[in-house]
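A, B and C are the chain letters, set down in written order, and residue numbers restart from 1 in every chain.
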Amino acid sequence: MKFWIICLALVLGSLGLSLSGINEYVFFAGFVILQFVVLATAWNILGGYAGYVNFGVPAFVAVGGYTAVVLFKSIQAPILVQILGGGILAGVLGLAVGLLTLKLRGIFFSIATVAVVFILETVVMNWRYVGGATGLQLTRPADLAFFDSYTRMLFFVMAVLAIGSVIIARYIQNSFLGRGLRAVRDSEEAAECSGVPTLRIKLIACVVSGALMGVAGAPMPMYLSYIEPTATFNLSYSISALAMPIIGGTSHWMGPVIGALLLGTLQQIVTVTVSNELNVLVVGLLLVFFVVAAPDGVLGLVKKWKQSSK
Amino acid sequence: MFSLELLFEAALFGVLLGCFYAAVSLGLSVAFGLLDVPYVAHPALLVMGSYATYLISSLGIDPLLSGLLLMPIFFLLGMGLYRFYYETFEKRGSDAGVRGLGFFFGIAFIIEVALILVFGVDQRTVRAGYIGSSLEIGDYRFPYRMLMAFAVALLLTLVLTIYFSKTFNGRAIKAVGQDESALRLMGANPVKIKQLAFGIATAVNALAGALLIIVGPVEPAMDRIYIGRTFCVVVLAGLGSMSGTLVAGLILGVVESVVLMTLGASWAPAVSFGLLLVMLGLRPQGLFGR
Amino acid sequence: MNKTRRQMLGAAGVAIFSANVPSTALAQGAPLKIGMSMPQTGALGAGGQAALLALRMWVDDVNAKGGLLGRKVELIAYDDQSNGANTPGIYTKLLDVDKAELLIAPYGTNPTAPIMPLVKERGLMLMGNFSFQVNAKVQHDMWFNNAPWNDARGWSEGFLELGKMAGAKSIAIFAADAEFSQNLANGAREIVKKTGWNVVYDQNYPPNNTDFSSIIRAVRAARPEAVFVACYPNEAVAVMRSVNEIGLGSQVQIFGGGMVGLQFTPIMQSLGSLLNGVVNFNSYVPGMKFPGIDDFFKRYSVRAAAAKVDPLGYYLPPFNYATGQMIEQAVNATKSFDHKKLAEYMRKTEFQTIVGPIGFDKFGERAKPRMVQAQFRNIQDNNVDQFKNTGKQVVLWPDIDKQGDFIFPFDKARKAT
């Protein structure tokens, strides 16, 4: 019950924030941070719960983004339809990738997901309708409901999406699905022997994870008024989506949220004050540090500290 | 449209290109193929080797020679990297999969960004007598830089194959991937053997990096497309086979060259990754694998 | 001078907690911030660094005269690394965090294309910087481009006329799949259709392509008499090296056309004799007469030597200085910084600048284009100073600026002295 009250409070809070007079850049940067909350939460469903490291995050984000572009360009679809479309198609991609690669273990699965990124990127680069390698300029619709600017509206939409993805992750974690995924992570053979339908569970996780990433990617074209393949398929989405749950803690839905908020905010500060590159370096260094020294993430550190102070 | 002659020339160029791809994948074949280390940072170290070659050759030294000079340094680097990986992950066992992958992925990005911070995003090239001109045979032109890469690749493969089959340490490296406890009983320390192997893999990577910058300009983000090419070659070959790596490289080179000629350069990036996916789907143990 | 980290943190902090303040409310005497991103690294970096230097020269000149309407001009320039993905974020930062009042576009079509919808939506004037047809789809009415060209006709017509003179009847085209090269190549393709020439090869390649052997081989096999290339600097270098390695065949009469990068001094120096025979576009070569430009080059080369950038500064710098001049004249004439008023003035005025008169058509491009097609001749390796002399880049078209006759075929021109 407490959880739902907090969710409602956050939704109302972000609505209030987007209607206030605070500087526009807060929403520009905040959108990116909230997008990473969704991406990190989505990644963790397959990566943290089941132990399958998905490097192909940009492929799903891009499917979301380009579906939105096609819907917008062809039928002037409103943003909610774009998001729905992006999520559905990204979920389908998740199913396809799952069917193709979930027989593979460990590093082979991860490399296969990288392959999906490059193949899709090449397909998009050859597709003139969405701009090909050149990219596409987009004019945002003038209708903003009751918001002052399109960016503020997108900020609110992304806040709702972030809260929604956390609700889904929490549900999965506490359900039969979550227990099954944990069994797969600990020992897939043992899980199969005990009768856990491992392939079906992994496929569901793939579809949900992929769909959420697509949902996160769908507002991107409207956010920038521009889309082009190299930035959309950038592998730095992978490293951030991987680093955030690892930094926050992979076994609980709070972990990706903590990781995304901490790392995302740090990234935005670095981008504004220093440069764009240093931002990726920060992610890389923190990832390596946590993987080596604090494998259970911030949540793990907090747990240890609580136990030691008893 | 496409004459047979043009296709033939593309295939020939593909053979040269393929040997080059084999050369840059040999290190991965050892580190991942033989040792099972999730070494996604291999292409990043390859590009690092290229930039190191650029630095040394800007002092006036021939790039190939620079690559050879770098090999001992990279050898030590490789040994240290494996030691760290072993102490942190392999020793502690479970869950090393996610963390090991995360570790090497992180390292790859750190290397890429460090290169950007030091050298900038601009392309870098090296100069040598054999870069820029071609061997003319009839109507065909073979750039000397490709012939150089071809020759070095063949030599490397030969040297490694002999090493792994004829020397004690080499055979021990082959064995450690198959049965570690048996090796221990034979009096060899598996950890030291694996360290040696990783060192060799990284040293080979240094020379391959020199070849990379000889064949064409490099920029820091190149490691990304080479993830596809190197893993495609290693998976296609099957884990642990050196001569298999050469054959797999040739296949990739020819396919890529023919696709470039027929479908155009805009489809080239998909070739290596596409081939990789097909292999993983149909026959994950590769053509010559264990 | 770029802002220090401390200043930026302070500015960000203040900006975040203050609402958007309209520019007219700023106190008189507060510095006037002009914001832009400029590719200082990456593919366009060599050109961008020189251009930025020229802009800083203008800022110093105008401040020496007392600034604009009594306010000191401050130029805020970030490096977008020639990457269009970085520019929307940079310009949003410039507007919302740095509070820039006037905007200049980054050099080049590819970095500029992504921010066109942004400036149109916010109703802001943008001074274009050597981009090509980047406003064609968005059609922003407050866009003014300093480049000496208008549409593809100006480029390709000259190139094709020269080809016709040499008796060419077949053409090969290859272009990078990026905003600039696609705009140019598509324009050329339309014009070629009208000439009735035979298109024997037509390919786009992905922008980060580094190896052109397969393309050059295919072009050679198609036996074209004219070869039109639309590319960016990295590819220009790779293409020239490939042409040298593989050759194009003796039937080629004319090669080049739309290769960006062959105007940048560091690239001209590094390619050296590989440039010979190429017919390519330019904005300025020695021998072209513009009022005040010699004085500009004298002052520029002093500062360039100190800053270690392009010592000649032919291609971009004079036009960037001219952008500054146009801003200065518009502000002083309208006595305001309001974008609508400035845009109105820009639209109806023909400015006198160091690169001659500049007037705009209704799309913000040059009303009277003045770009040239010049042929590289007798270039030696490793010699920068040679480019100061006439006879190295011989203007062939248009007639007003013509400096010599077209030498063809391509192989003959490569050896000509």
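Here is the rule we go by: contacts are C-beta pairs under 8 Å (C-beta built on N, C-alpha and C of every residue); 3 or more make two chains touch, one makes a residue touch a chain.
Just so you know, these numbers come straight off a predicted model, no measurement behind them.
Q: Starting at subunit A, how many touching-chain steps does it take at least to reach subunit C?
A: 1
Q: If you average the Cα atoms per chain, which one ends up farthest from subunit B?
A: Looking at centroid distances, C is the chain farthest away.
Q: Hey, which pair has more contacts between C-betas, B-C or A-B?
A: Pair with more contacting C-beta pairs, B-C versus A-B: A-B.
Q: Give, as an integer number of Å, the spacing between the C-alpha centres of subunit C and subunit B.
A: Inter-chain centre distance comes to 39 Å.
Q: Can you work out the whole-Å distance between the CA centroids of subunit A and subunit B?
A: Result: the chain centres lie 32 Å from each other.
Q: At least two partner chains per residue is the criterion; list those residues in subunit A.
A: Only 125, 133 qualify.
Q: Enumerate the residues of subunit B that touch no fewer than two other chains.
A: 266, 269
Q: Note the residues in subunit C that touch 2 or more other chains, in rising order.
A: Touching at least two other chains: 177, 204, 206.
Q: Provide the residue numbers of subunit B that touch subunit A in the complex, in ascending order.
A: Subunit B residues touching subunit A: 32, 38, 40, 88, 94-95, 97-99, 101-103, 105-107, 109-110, 112-114, 116-117, 224-225, 227-228, 231, 235, 266-267, 269-270, 273-274, 276-277, 280-281, 284.
Q: Any idea which subunit B residues touch subunit C in the complex?
A: Those residues of subunit B that touch subunit C are 3, 5-6, 9-10, 13, 120-123, 132-134, 141, 143, 215-217, 257, 260-261, 264-266, 268-269.
Q: So in the complex, which bits of subunit A are touching subunit B?
A: Of all residues in subunit A, those touching subunit B are 47, 51, 53, 55, 100-101, 104, 106-108, 110-112, 114-116, 118-119, 121-123, 125-126, 133, 186, 235-236, 238-239, 242-243, 246, 250, 277-278, 280-281, 283-285, 287-288, 291-292, 295.
Q: Quick check on the complex: what are the subunit A residues that touch subunit C?
A: 21-26, 28, 125, 132-135, 137-140, 150, 224-226, 228, 230-231, 234, 271-274, 276
Q: Given the complex with subunit A, which residues does subunit C contribute to the contact?
A: For subunit C paired with subunit A, touching residues are 5, 8-9, 12, 15-20, 84-86, 88-89, 92-93, 95-97, 113-118, 120-121, 137-138, 177-179, 182, 204, 206-208.
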